[in-house]
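Each of the next two complexes has subunit A plus one other chain: subunit B in the first, subunit C in the second.
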Partner chain A sequence: MARLTCMHLGEILVVPIQEELHDTAAEEAGEKIIREADNSNIKGVAIDISALDIVDSFLGRLLQKIACGLRAMGKEVILVGIQPEVAVALVELGLYLEDINTAFELDSALEKLREMINEDSK
Partner chain B sequence: MKEEILRIPINKEIDVLIARREIKSEAEREGFRWIDQTRIATAVSELTRNIIKHAYRGEVIVNKDDGGLEIICQDEGPGIPDVEQALERGYSTTNSLGIGLIGAKHLMDDFKIESNDSGTKITTYKKLK
Partner chain C sequence: MAKKDDRKEIERLRRENEEYKKLIEEMSEGFAFLEEDLSFSFSNPACDSIFGVPEGGLMGRNLVDFLSPESTKDVRKKIKVKKKDKKNVFETAIKTGDDKRRYLLIRSNPHFEEKNKFVGSFVFFYDITKRVRMEEELIFEKGLLSSLLNTIPDLIYFKDKESRFIKVSKSKADQVGRSIEEVVGSTDFDYFTEEHARPAYEDEQEIIKKGNPIEGKVEKETHPDGRVTWVSTTKIPRYDEKGNIIGILGISRDITEKRLWEMQREEKMAVQKEELVQLSTPVIDVWEGVITVPILGSLDSERASRVSEHLLTQIVRKRAGIAIIDISGISAVDSAVADRLIRTAKAVRLVGAEAILTGVGVEIAQTIADLGIDMGGLKTMSTLKDGLRYVISRKKMSVEEEKNG
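This part shows the complex of A and B:
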């Protein structure tokens, strides 16, 4: 099992993916994120992939599935720090990540997530 | 003149990471732009994953010539029954084999599949621009 650090920042769960994962490890990481978010105190999840310089169709689709699952649980989700070359490759692979919220860096991601969470509680 | 510079066996999931990492470094040494290094590494990731998923074992070979890098992924798996169908976008969305193949095709400059019931050989090429 790959090491995966989940940090709780108030209502937000921050998950930095710090190393390249093979498919099984990536699936395990996804399950861990879902389990960790299964907590009434957590309202939003920020998944930081800025350390990854390769994201292929498997991982791209897995991230979509994780985001979808988290939203089904009533959590807001944001994907942070997609590298520019990764963004280009994902589009060429036909993965547009249209239905996922994204942010350039963690600061703006947290700000955006808090706004989304506030909007939900209105 | 064509020269073989790398040959990596693909037998288990971790080999996908090893192959794409080594080939990305090689592309960097050969002077590919950063964005093309990522395109090559991503294509390698797609094609070597197909070996693990559909053929269990195979290898990736990297040849260099004056114009760029040729990357060959070959296996002794059951082959792709209908290559045309596997390459159709509509078909590929529900099929990991297809999405990997079509993705790799878009990321590389040349792409050729030879497949029969004793194996598959995919030859791709990226021009050094």
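This part shows the complex of A and C:
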């Protein structure tokens, strides 16, 4: 059972992923994030993976899927805290995650997310 | 009546005599009668040939003429020896009439008159030169092998089809702490742990089955006391006269010191390589939130991933938003290099920054055009100056945007 704390900060949902998630636990977490975001107040989601040292191809593709799902619901998505080793590993695997925005720290992530949300509302 | 019988008897004796004479003339063994002073009073053709003289050439000559001064006394004594139930047989060397050196086996039947006075001997001569030479050669070869096996520092070993030791050099016996004789019949499993003994055994069995030698294979010898030594080993199959494989011959040279030195060097080189990456990718702060890194020299995939990691770590540490990668010092750009640069840029994006490529001069630009390389959305410019100008104007723009907000 995945223990996922989803924090509501106004229009933004912040989801920190604290530990390595595999297989069904990871998929369940993904489903939970999409369910939490399914709320008219939420306009953007920041997924924080700064606690992860390793992201394998399964998790990489799962993150892409979650972002896809969230955007389909009209929410903006940003991935926060990809560590250098993780970045290198993902690129080696060919997972460039090009359609997901990224930021290194939460404050710049929230800033970017707010910009994106404002763009949408224009 | 008596005369007739006599004549028959004489005839018979004569015929018998003729037959004996013929026997002696035709036999291949040398046969002679030596007088008391060892001069020849009779010799058959075989004897003449053994002594290298024409037929009849031994008459009047002395055996001593053909002997060396050192052996003369000895032979004189031995010719006269009459043993009770044993044959008097001995060997000596002669120099023939045609100046050849031969070895003879002599069988002497001495005759004595009353008071044990030696009057002469019936002697058989056998040419054993060939056998003696073969023996001499064998002893010589054995001596060579012995000195080789006793003194050579390389480990030499002969094994049978079951990989058991048949013969080893002293150095090999010393290596396993036994005597040369004790080692016979044992195997590698008696002296080394499985880690070394098993593959060594399998190598040998493979050679015995297929006949393909192993040359200069580096092996790690693991000893039961935990010691590790390294050797360079050559193993070849051994054949019998019919061409069947009957075992192997192995030579192992100790390279432990060399190997340790090599391993140290490899370690040192790895450290140096790492240092080189760091030295060759200095990361410079050129503006607020902007860092630049020049890439000099070649960019193979190993270097590319090291440079990436180093760059990304610096981006994170310095909280840079933009990384300018300058490639004016890069030695060559082909599709593989371009691919690596693009991947680095994508990794930069993943950590939340933006990558700009500068230093794309005339040559590189032409290469990119010629090869039709797609830079995948990566922003590229010809000089660092252009890159900075672009970055600064963007920052100015965002400041203005905030002002207007």
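Throughout what follows, the second predicted complex is superposed on the first by the 122 of 122 C-alpha atoms of A that agree within 3 Å, B and C clash if a C-alpha of one lies under 4 Å from a C-alpha of the other, contacts with A are read in each partner's own complex, and residues count from 1 in each chain.
To be clear about the criterion, a residue touches a chain if its C-beta (ideal position, glycine included) is under 8 Å from a C-beta of that chain, and two chains touch if they have at least 3 such contacts.
Because the structure is a prediction, the values reported are computed rather than measured.
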Once the shared chain is lined up, is A:A103 touching subunit B (first), subunit C (second), both, or neither of them? second
Tell me which partner A:E85 touches in the superposition: subunit B (first), subunit C (second), both or neither. both
With both complexes superposed on chain A, which partner does A:I54 reach: first (subunit B), second (subunit C), both or neither? first
Considering only the contact definition stated at the top, list the common interface residues of subunit A for subunit B and subunit C. 84-86, 88, 92
Quick one: in the complex, what on subunit C touches subunit A? 305, 308-309, 312-313, 315-316, 319, 343-344, 346-353
Write out the stretch or stretches of subunit A touching subunit C in their complex. 79-80, 82-88, 90-92, 96-98, 102-105, 108-109
Which subunit B residues qualify as touching subunit A in the complex? 13-14, 16-17, 20-21, 24, 34-35, 37-39, 41-42, 45-46, 49, 89, 96, 99-100, 102-103, 106-107
Subunit B contact footprint on subunit A (complex, rising order): 20, 22-24, 53-58, 61, 84-86, 88-89, 92-94
